[in-house]
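We call the chains A, B, C, D, E and F, going by the order they appear; numbering starts again at 1 in every chain.
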Amino acid sequence: MLVESLAVLVLAGFVGFTVISKVPNTLHTPLMSGTNAIHGIVLLGGLVVLGLGADGVLNKILLVIAIAFGTINVVGGFLVTDRMLGMFKQRKDRADD
Amino acid sequence: MLVESLAVLVLAGFVGFTVISKVPNTLHTPLMSGTNAIHGIVLLGGLVVLGLGADGVLNKILLVIAIAFGTINVVGGFLVTDRMLGMFKQRKDRADD
Amino acid sequence: MVETVPLSVGVVRESIPDERRVALVPKLVERLVRRGLRVVVEPGAGAGVLLADELFTAAGAELGDAWHADLVLKVSPPTAEEVARLKAGTVLIGFLKPLSDVEGVAALEEAGVTAFAMESIPRITRAQAMDALSSQSSVAGYRAVLLAAERLTRFFPMLTTAAGTVPPAKVLVLGAGVAGLQALATAKRLGARTTGYDVRPEVADQVRSVGAQWLDLGIEAVGEGGYARELTEQERAEQQRRLTEAITQFDVVVTTALVPGRKAPTLVTAEAVRGMPAGGVVVDLAGESGGNCELTEPGRDVVAHDVTICSPLNLAAEMPGHASELYARNVTELVELLVDAEGRLALDFSDEIVAGACVAGRERGES
Amino acid sequence: MVETVPLSVGVVRESIPDERRVALVPKLVERLVRRGLRVVVEPGAGAGVLLADELFTAAGAELGDAWHADLVLKVSPPTAEEVARLKAGTVLIGFLKPLSDVEGVAALEEAGVTAFAMESIPRITRAQAMDALSSQSSVAGYRAVLLAAERLTRFFPMLTTAAGTVPPAKVLVLGAGVAGLQALATAKRLGARTTGYDVRPEVADQVRSVGAQWLDLGIEAVGEGGYARELTEQERAEQQRRLTEAITQFDVVVTTALVPGRKAPTLVTAEAVRGMPAGGVVVDLAGESGGNCELTEPGRDVVAHDVTICSPLNLAAEMPGHASELYARNVTELVELLVDAEGRLALDFSDEIVAGACVAGRERGES
Amino acid sequence: MTDLIAVLYIVAFALFIYGLMGLTGPRTAVRGNWIAAVGMVIAVVATLLTPGMGNWVLIALGIGIGIVVGVPAARRVKMTAMPQMVALFNGVGGGAVALIAWVEFRTTDGYSAEPRYIAIASLFAALIGSISFWGSLIAFGKLQEILPGRPITLRALQQPLNIVLLLAAVGCAVAVIAGVDAEVLMIVLLLAAAVLGLMVVLPIGGADMPVVISLLNAFTGLSAAAMGLALDNTALIVAGMIVGASGSILTNLMAKAMNRSIPAIVAGGFGGTTAVASGTREERPVRSTTAADTAVQLAYASKVVVVPGYGMAVAQAQHAVREMGQLLESKGISVSYAIHPVAGRMPGHMNVLLAEADVPYEQLKEMDDINSEFPQTDVALVIGANDVTNPAARSDPNSPIYGMPILDVSASRSVIVLKRSMSSGFAGIDNDLFYEPRTSMLFGDAKSSVGEVVEELKNL
Amino acid sequence: MTDLIAVLYIVAFALFIYGLMGLTGPRTAVRGNWIAAVGMVIAVVATLLTPGMGNWVLIALGIGIGIVVGVPAARRVKMTAMPQMVALFNGVGGGAVALIAWVEFRTTDGYSAEPRYIAIASLFAALIGSISFWGSLIAFGKLQEILPGRPITLRALQQPLNIVLLLAAVGCAVAVIAGVDAEVLMIVLLLAAAVLGLMVVLPIGGADMPVVISLLNAFTGLSAAAMGLALDNTALIVAGMIVGASGSILTNLMAKAMNRSIPAIVAGGFGGTTAVASGTREERPVRSTTAADTAVQLAYASKVVVVPGYGMAVAQAQHAVREMGQLLESKGISVSYAIHPVAGRMPGHMNVLLAEADVPYEQLKEMDDINSEFPQTDVALVIGANDVTNPAARSDPNSPIYGMPILDVSASRSVIVLKRSMSSGFAGIDNDLFYEPRTSMLFGDAKSSVGEVVEELKNL
């Protein structure tokens, strides 16, 4: 149980480290924004806790807020990243001409 | 349980993929030999199965052979790799002068 | 002065032998005509550059008596006869040797001519396009190396051939001004190993920037506060000794060391020449100011100690085509500064360029 | 022939005016002396190269009557008087113009001399070190470009300056043999835009390998089986027309097109010269064989249609230092081939080099 | 069903990883972002498939609010306001973690029945989540100029207060883990973390903000991973940890690119001395850039003009410049060289060098010809030139170079200047070009700088 | 204790990963190998710490035998026999997996009480392990020349037989998974896999063997991972999977470097047509190399001599050559250029070009001077030269170039020739140098080849 969770943790860490090696400065901000969108995955936590039954009004309110927050993080994050990458899209279009 | 094992599997796969990107030809054989030594880890399987109690003579014989095989794989693998890397060691010595 | 008739600009024919340049070329005639000026060209003015008179007229000039124009353009200083041909009130532009040819300038003053010397244009950034010293020095530096290559009995470049290996020639340039740098660059192009030297230590970087080595004579001339200090007599002698020693290592020495208005410093001693390899060449571009080499006879080739010492006096004139083109551009820029938008003469002596360049008849010009 | 006394090798003084080269230099005197030969140098033989007699004696030579040596080394073909000075049985090595100077060779034969012509050494790989045509052509190609740069009234390199931009000179080299390639390389070094042309289409790659463009006249001369076929009269005319047209684009044309033993082909017509820019230069290295330019007057500078046409006859001699060094090495290699380990003359006519180079007195040599 | 969910989770995070890989290269970045987004959709769908899910209305409500708020915000924000938007999104993510941890505490009665590591993970998530939330809000406020951009600090009080707050939060956590299950502990923890988040970010100057946001982003990732451990949700663990790891690397890269060190920045938050560096630059800020960035800018240009000067000669960089030019041309980019009449130190200086390096004559452009082309130029690459690009020659009659014609590089879309320092050229005067907003400086010897750019270009 | 073991396992595989990363770069390879070895020791120790371990004597016996056999074998093997040694070690690893799976089958009564995925994993491990074991033995035999190196095939029978064997093995596995627990099924499975291993490797020619060994290595890794799933041992899963993944990438790289495709090679094993390619080279084999390899060889030399020829001129590669020379010098390697008197097509051809590229005159060496230096030279890099290095000029009186002095490159420790093809030079004759054992050819235009080498050098 713990071994495997730890293994997952460490391996994921390794993946995170190796994925980012040399990134041109221009991509720093989009990349930050992209990883930011990915940690919106906490949304899943909210879904599970609420979906599998949380009682009490306060709990429910807090969870709805948490889910809303998570959704904002995810949706906003990916959209903003995409807009930031506009410069690179342009080029692709050009190349396609 | 299964999720985590699978996650470990996939993440380990990713790590394996990303670790090897550009390797000069000269290092192909040592690298193959090094990875070969690592899969000698099956030795652990033999140890667990034998150590945690396998009955029957045949089982025991098979496991002793398996452990011996695994050990050969590990020990021989690392030693051979090291010898193959002789060329690169030489240079280090030189640089140290 | 002239109000209604457009200002006339005269392009005269140079009379000094070997002066093959001309002060204006057809391309720039066009430009002045477009500015509203009348350009009068003396027939045959372009002969030395192989520019036929028709080319000038095609560009908008007229053939005629250029000496009586309002503004007369020349290359070399006018001879006494030529000064006589100028009417009073004429504006003359050309190389006038104001520092060395004092009588010539006095004659111009006497003749009532307002004279602008190309040599006297201040070397400020804004005047770079009029800097005829630079443009003609470029030509001279390039030609000096061609001359040296011509005279040298050896190859400049290294060649490894079936009949043996030829080492690259070693070329030393003394004085790394415009001509010196151009000489270094040209010699490098031809494959020689190049070295440069100058009294101004800050030029070392410039010498390296044309791929040459800097000759370090090892005398520190840095005094208090980072300023250069005067060398002691002993140090000067030591410097000369080391330079002499260094020179003997080179196949070719090109010297361009000038100190404006003074006699050129002697850098290459007879002893240095004696030490040079047989068949070596010294090209002394400072001949007119007395030469940088002890053995120089200005304007002549001398062979001493098996070394040829050339001292061409007017090297730029030997490549009249581009020399004239560049000079014409310099002159045109100056003319445009002397003329107002309507094409009238307007000498603004508050402009440091106009004031600096004027060597005679300033009062008349100001009137 | 000579058994006990060592073989003597004579280095004579060249008598033709302007022939400043010498057939052996001190470094190679040493080498022959080490081989056991006696080297006799005529006093003053090295004067043209500024090699003092002492340098020869220091290298192991003796001063004396070089004309009576067993083996006489020369550069230019001997004059009639010189032939008279040779004793019968002498072995002579030098440029002898065996294809054009038929009488000269006959005179040698008559005088009982065994003569080896440097021009006749077969151009096989093994003989590369003796290939004086190549070594002297290299010098000539290099000098031809210096000459052109000298004569041109313009810059070779491009220069962007405050007084305007000078475009690079355009240089065309016709005939891309040894001299032609060297000319292309040298002109490129000086900053010109270079183009080369030759009848042999396989040279295109070689032209590009010195950074030049290949002038493609667009006439396909490839016949059956990949062999070049004879051009039809019409095609030849068309080719000449296109070449003429092309030439007018160039500031400098250097021609080196030779066909051994025949009159040089005419490549630059008067019309082409007329089309060239004023101040342009043609350097015709084929002058001796009649010239590649219609207007060439061998050995003289001609100015026609504002273009200077030079046809130096002995360009290599104008750079006697290295030309002599390379030639001396070529000659030495040949001498070593003619001499056995004990330093005796041993002419082995079964060797294709010895047989090929011998132009007179072969029977005597074989005896 | 759980098997399907398991597989979907695996697919989801495989897509995250693949997408992130894409985001590191200019060619693949756009696609990478969408691949990661697809992964996210799959993860959400998989979660909703969990047997026994309920409370659908509330879930829909939460997601609905999120979409209604997030989409327009992301769509409408101006390009210049992007960084603060990222800060905000990051903050709400951290807030979500903190809230979930709080509910977790409430529903498990202070983790009374859970293994200890779950309590640790959950409280860690709460702590970090709360810091991230409030810290990000401050970052947002500073960048949006709601708060003043300059450092706000309590001077000597700063450091002790921060330590007290941290101790309070950790103390509460330890108490809970030890078995005390009063909810007030959790609330104190969240509040202390919140104030800590405010206090740490307030003293940091606006210039360092991007690095701080990236750091908070990495922290939020870690908190998500901790939450995943607590909830035994592999997708959370993997995604959170990847963000945590890649986020720290990225923060490091960003700090390096800005010539700042992370410890120094954070120390600032803890009352150290850091603000000075950003202060002095204020009056005449210069944007310095890297070889990698220069390479990207060049590679995505269609027209590049190289402006060589004396510095190229001193560095003898002509061969490297030529190689760079060829590389760009091979990518279909138009390259020319603008030769100023007096660039260098002798007439024709640039010609000699560029000819030596075999730059084709056709690419050398005279000043008058090229000046009209700058407005269509994407990047003007100034290599060791200075005076010949100085606008003072046009605008300042007192300047020694007044009246000299200059190369009009500032008309191009972007200017990159390669030189070793901010020092002046031959004329000894300052060059306003270097301070223009479209100019960035690549400091270093021209030869090595160009060499690095070439290398980066090859790796693109 | 289990927590400690967990942590130790994590440390172990983190070391594996870190070590593997090291193994991919020449500078870090030696250290990387030992780091991975340390990881292995930690993993073994951790396993031995498992509560309830027993059978210590037998364990010691097994490990003892392994060490006694493995260490001397690894120590004594000749450098030339390394590849077959790797094959052997790989094989025994596979054998171990197969044996453990068999025991697993026996102790669990055909997995009767285990979840299905455990049975699947274990049987997969058995199948692959057995194929690897026997296949590796054949590979060993071929390389050691116990078996003939040429392909041994059953012609038309090959493919059907292989398919039958595969079906038999898979059939047994399916039966076991379905619940049949007769041990004979397991034995048939192992035997069928064994024969399959033999049959698949036998038809593959000696030249392709390294690729096959690498492939078997990757397979063994996968089988270890499967075994890990079956035994619920995370260390096995991670290590096995990493080897599986990196092994496949590596196999692919190796195949590419040898200009072979993996499917083609494997198809050979299944009776396809592949053997031809290795056949024709036999009579005059030429070793072709890659830019990456050339770079490594150069970077680890102390003395390099560049031999330029006409090809460098045609390719106008002089600037690239100069850049390479500078790079090598900056690494402290001595670089000189051997100029043959008639290299190129005109006297001084090489001088003109190298001067243009600004190669210092001091580095240009004349033939007579450099010939005595070749015996101390690590790498002679022949760039587009041919005739001037042709030993026929010395040895073959009938050759048109007989008598010409040549550059004595073959005296150096290693010769790398850059040209576009095997075609001849000016003299139109073949060059024996190209076929010498110490010579390798880097085919391609000299300019691009040198460019690639430069790029690789920068990445080292």
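Here is the rule we go by: a contact is a pair of C-beta atoms (placed from the backbone, for glycine too) under 8 Å apart; a residue touches a chain by one contact, two chains touch by 3 or more.
Since this is a predicted model, take the numbers as computed values, not measurements.
Identification of common neighbours of chain C and chain D yields E, F. Taking the mean Cα position of each chain as its centre, D sits at the greatest distance from chain E.
Counting the residue numbers used at the interface between chain A and chain B, over half appear in both copies, so the two copies meet with largely the same residues.
Rounded to whole angstrom, the centroid-to-centroid distance between chain A and chain B, based on C-alpha atoms, equals 35 Å. A straight line joining the Cα centres of chain C and chain F is 68 Å long. Averaging Cα coordinates per chain places chain C and chain E 56 Å apart. Chain B and chain D have centres, each the mean of its CA atoms, that are 72 Å apart. With touch defined as above, residues shared between interfaces to two or more other chains in chain D number as follows: 128-129, 134-135, 138, 157, 159, 161-164, 166, 189, 191, 211.
Shown for chain A are the residues that touch two or more other chains, namely 2, 4-5, 7-8, 11-12, 14-15, 18-19. In chain F, 13, 17, 21, 234, 237-238, 316, 341-342, 347-348, 352, 355-356, 358 are the positions where the chain touches two or more neighbouring chains simultaneously. Under the contact rule defined at the top, the touching pairs of chains are A-B, A-E, A-F, B-E, B-F, C-D, C-E, C-F, D-E, D-F, E-F. Chain contact summary for the complex, chain B toward chain F: residues 2, 5, 8-9, 12-17, 19-56, 58-60, 62-85, 87-92, 94. Residues 20, 49-52, 128-129, 131-132, 134-135, 138-139, 142, 146-147, 149-150, 152-155, 157, 159, 161-164, 166, 186, 189-191, 278-279, 306, 319-322, 325-327, 329-330 of chain C touch chain D in their complex. Within the complex formed with chain E, the chain C residues making contact are 124-126, 128-129, 134-135, 138, 178, 181-182, 185, 189, 205-206, 208-211.
Those residues of chain B lying in contact with chain A across their complex are 4-5, 7-8, 11-12, 14-15, 18-19. Partner chain E is touched in their complex by these residues of chain B: 2-4, 6-7, 10-11, 14, 18.
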